[in-house]
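Here come two complexes built around chain A, the first alongside chain B, the second alongside chain C.
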Partner chain A sequence: MTDFTLWDIVRNLLLAGRWTVVLSLIAFAGGAIVGLALTLLRMGGLKPIRWLIRLYVDLFQGTPLLMQLFLAYFGAAVLGFDVSAWTAASVALTLFTSAFLCDIWRGCVEAVPSGQWQASRVLGLNYLQSMRHVILPQALRLAVPPTVGFSVQVIKGTALASVIGFVELTKAGTMLNNAAFAPFTIFALVAFGYFILCYPLSRYARHLEKKLYGAGIR
Partner chain B sequence: MALVSVKDLHKSFGELEVLKGIDLEIEAGEVVSIIGRSGSGKSTLLRCLNQLERHDWGTIHLADQRLDGGAMSPGELSQNVGMVFQSFNLFPHKTVIENVMLAPVVVKQTPKAEARRIAEQVLDKVGMSEKVDAYPAQLSGGQQQRVAIARALAMNPKVLLCDEVTSALDPELVGEVLRVLEDLAREGMTLILVTHEMTFARDVSHRVVFMHQGRIHESGDPQTLFTQPRTPELKQFIASVV
Partner chain C sequence: MTLDFSTLLPYADVILEGLVTTLWLTVVTTAAGITLAILVAYARDGSPTGSRRIVSRLLGGYVEVTRNTPFIVQLFFLYFGLPALGVPISATVAALLAMILNLGAYTAEILRAGIDSTLTGQHEAARALGLSRLQSFRHVVLVPAFSRVYPSLISQCIIVMLGSAVVSQISVFDLTYAANFIQSRNFRGFEVYLVVTLIYLLLAVGLRLAFEFVGRRLFAFRQGGSA
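== the complex of A and B ==
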C-alpha cells in the first residue's frame, strides 16, 4: 500500500526533527534561566523561600514528565486557559529542566570546598562578593559536564510532547507509520535521529569531565 | 596597652564546651605560639579572634576597639586580623597575583595598579615574585602557603593568625615557610601561631601559650616553659612531642 519512498520518510522526519531541536533549545534556555534564579535564591534566600524551592524541585523530580505535560496541556484547558501544544510543551519542559538544573547547580556550589568560603570571608569579602569572585567561577567549571549531560535528557524528554499532539520527531514517526506502515524502518530512523542529536553531547560531556579532573580541581 | 585583648572567652559547640574562659593579652610586635593537644581548643581560639566562629561569652578588643559581637564588618576585620590556614585555601581559578589582588580591589576598593604594586611587594617579601602568573595547582605546597601569607599581608593587617601553616607540607618544604614567618617576626609583625613545630616555637616566639582542655594552662617565655614546665600536663605534652 505504500507510495512512500525512503527519501519521503527521511525528508518528513528531518522536517519534524527541526521542532525537536527548537523545543529542546526553548526548554534548555528557559530551564537554565529559571534554574539559575532558583539556585541563587535557594543558596542565599530565607528559610521559607529555600523550603518552597526544594518542594518545587522535589515535585518535578518526583513525578513523570508525561504527567507534567498532561497537566500543562489538559489541566490548563480544564482551568479555562486555551493553550496550544507548543505553549504547554514549552512550559512543562522548561519547568522540568529548571528543577533538575537547580538541583545539579546547587550540588556544584556546595561542592566548592568550605575552605574557599572561609578564605574569602577572612579576606573581608561579603556573601555576594564571595559568590561572585570565588564560589561561582569554581562551581561553574564543575557544572559544565553534568549540565551538558543533562541536556541529553531534555532532548529525549521532548519525545513525550508527542502525546499532546506536538508534531516533533516521534509524533512524525507515528504519523508516517500510520500511512506508510513500515514500523521498523521508520522507528529505527527516528531513534537514529535522537542518537545524532544526543551522542555528540554525551561525548562532549565526557570529554569535559576528563578535562576537569585533569585540571586537578576537585 | 595591649594590641589584642581577650577577656573571659567562652565557646561551646552544642554540649561540648571548647573554650572555658580564655584571658589573653598580646602586645604589638609580639610573636605568640599556641601549643597543646589535639582538641584543646587552639583552632577555635584563633577562629574566634577573627570571628570565623562566634563565641558565646567574653570580649575581644583590638587596639582599644571592640572586635567581636558584630562590632566590625568582615571588611574591617580583614584589615585588622589576617589569617593563614593549614590547607592554604588559595583560589584555584585565579593566578598568584590575582589571588593576592582580589581582596584589596574588591574589599578596599584599591585601584588596580596600586593593588598590583602592593601585591608585587608582598609577593617579593615571601619570595614568590617569579611566579606571579602561575596558578596554585602549578605550585608546591610550600610555595602555595607563601602565596597565602602574601595574600593575607596585602590587606595590611595588624595581627596575623597562623593555624598549623606547615602541617600539610612535606618535611622538606616546612623550612621555607617558617623562614618567611621568621622574617615577618623580625620586621615586627604581630603573630599568633598555632604550631606543632616546637623548635620554631622555642626559637622564634616571645611567648608560648599551652592550652589544655579549653583553658590556658600555662604560659611564659619559651626557654622557661620548655625547660622548666610547672604542670604535669605540660611536662607530659613536651615529652610526647619531642
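== the complex of A and C ==
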C-alpha cells in the first residue's frame, strides 16, 4: 500500500473537483433552458398545460433527488438504453433544476403588479409584447437573487451523483478514504471544496437581495 | 421492456420497516432541529458583546458551513471522521446527528429572517416594561417570528425528510435502503424506485398537511387578527 501525502489527497480532490464544476454547469444551464420554457408555457398556456407543469414541479420538489437519480439510471435501462453515470446524472440534475427554477421564476413573474399587465394591454401591446417589454424586464430583476441562491443547491446536489458512480468531489473523497484511510482530513477537505464553491455564491445572492429590497422594490 | 410490480409484493415488510425508520428519523430531527435552531437564534439575537459575541460568531460559522456543503459530505464526515478521532458512533446516531445539525442550521437562518423583520421597537418596549432578555425573546420576538416564517419552516422540514434518503449510504435501514435491498434481490430497480419515490411523495404531502394542521392550532391567535 502506498502512502498518501496531503498533497496527493489535495491534488486528487482538485482533479475530481473539476467534474463537480462541469456537472454543476451542465445542470444549471440545462435546467435554466428547460425551466425558462416551462415558465413561459405556464404563464401563457392553456389550463391542462399549466396543470401538467405544476404536477411536474410538485413531483420533483416532493421526491428525493437521490431517487430521481436512481430512476434516471435504472429507468433508462428499462427503456433499453445503456446510459453512463454522466448521462443519468446530467439528465436527472437538469430536470431537478428546471423544476425548481420554474417555480422560482413563476413567483417572480407573478410578483410584478397586475396593474402593469393591464396598463400595457390597454396601451395596445399584445401578450408577447407586454411580456417582452413590460413584465419580463421587471421579473428578471426580482429573479436574479433567488436564482443565484438556488445555484448553491445545484452544486450541493451534484454530490449525490457520487452514489450512482459518477466520480466527482464526493466520490473521489470516498475512494481516497478507502485507500488512504484518513476520513477526518479527507472529508474536511471535500467539505472545504464545496464551501469554496458555494459560499461566494451565497454571499452574492444575499448581497443582491439586500440591494433589491434596499431599492424599495417588493 | 416490461414493468412487473408483482415481484415487489413479497418485500412489503422490508418497505414498511424502511418507512418506519424514515418516519421516526424525521420526527426526532424535526423536534430536535427546531429546538437547536431556537437556541442558536437566541444566542445570536441582538448585538452580543464580550464572550457572547465569540459564541455568536462560532454559531454563525456553523450555520454557514452547514448551508454551503452537501448533506452527504456532512454525513460522511461525522460517520467516518468521528471514529477516526476516537469517538465511536453508530450509523443511526451519525444519521440523526447529521440531520439535526443540518435542519438546525437552516432553521436558525429562517428564524433569524423572521426575527429581523420584527420591529426593534417591540423588543425595546418589552425590555422597558421590565421583561428580561429571555422573556422578551420568548414572548415578543420568537412567537411572532415563528408564525411569520412557519411556511418556510414546513418546506425546510420536508426538504430534510427527502434528504434523509442519503442516510441509506451509511447503511441506515431507511426507505431508500429498503429500495436498494429489494433491487439487489429481484433486479427490478426501476419498479422498486418508482414505488418508493411515490411513497416519499405521499410522505411529503402528509407531512405538509400535518404541519399545516399543527400551525392552525399553534398560531390560532393570529388568524383574523392584525398581520
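The definition used in the following text is that the second predicted complex is superposed on the first by the 216 of 218 C-alpha atoms of A that agree within 3 Å, B and C clash if a C-alpha of one lies under 4 Å from a C-alpha of the other, contacts with A are read in each partner's own complex, and residues count from 1 in each chain.
Keep in mind that, in the parts below, contacts are C-beta pairs under 8 Å (C-beta built on N, C-alpha and C of every residue); 3 or more make two chains touch, one makes a residue touch a chain.
Note that the structure is a prediction, hence the values are computed from the model and not measured.
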Practice task
Considering only touches as defined above, state whether A:Q116 meets chain B (first), chain C (second), both or neither.
Solution key: first
Exercise for the section: Mind working out whether A:W51 is in touch with chain B, chain C, both or neither, as first, second, both or neither? Expected result: neither
Practice task
Please determine whether it is chain B or chain C that touches the greater number of chain A residues.
Solution key: C
Exercise for the section: Considering only touches as defined above, state whether A:N126 meets chain B (first), chain C (second), both or neither. Expected result: first
Exercise for the section: Return first, second, both or neither, reflecting whether A:F184 touches chain B, chain C, both chains, or no partner chain. Expected result: second
Handout entry: First (chain B), second (chain C), both or neither touched by A:P137
Key = first
Practice task
Find the residues of chain A that appear in the contact set with chain B and again in the contact set with chain C.
Solution key: none
Completion exercise
In their shared complex, chain B is touched by residues of chain A numbered 113, 115-116, 118-126, 129, 133-134, 137-138, 141, 215-217
Completion exercise
Given the complex, residues on chain C that touch chain A span 1, 3, 64-65, 67-74, 76-77, 80-81, 83-85, 158, 162-166, 168-169, 176, 179, 183, 189-190, 193-194, 196-197, 200-201, 204-205
Problem - Parts of chain A lying in touch with chain C, wherever the complex brings them together - result: 59, 62-68, 70-71, 73-75, 77-80, 152, 156-157, 159-160, 162-163, 170, 173-174, 177, 181-184, 187-188, 190-191, 194-195, 198-199, 202
Problem - Interfacial residue positions of chain B with respect to chain A in the complex - result: 50, 52, 73-79, 82-83, 85, 87, 89-93, 102-103, 106-108, 137, 151-152, 155
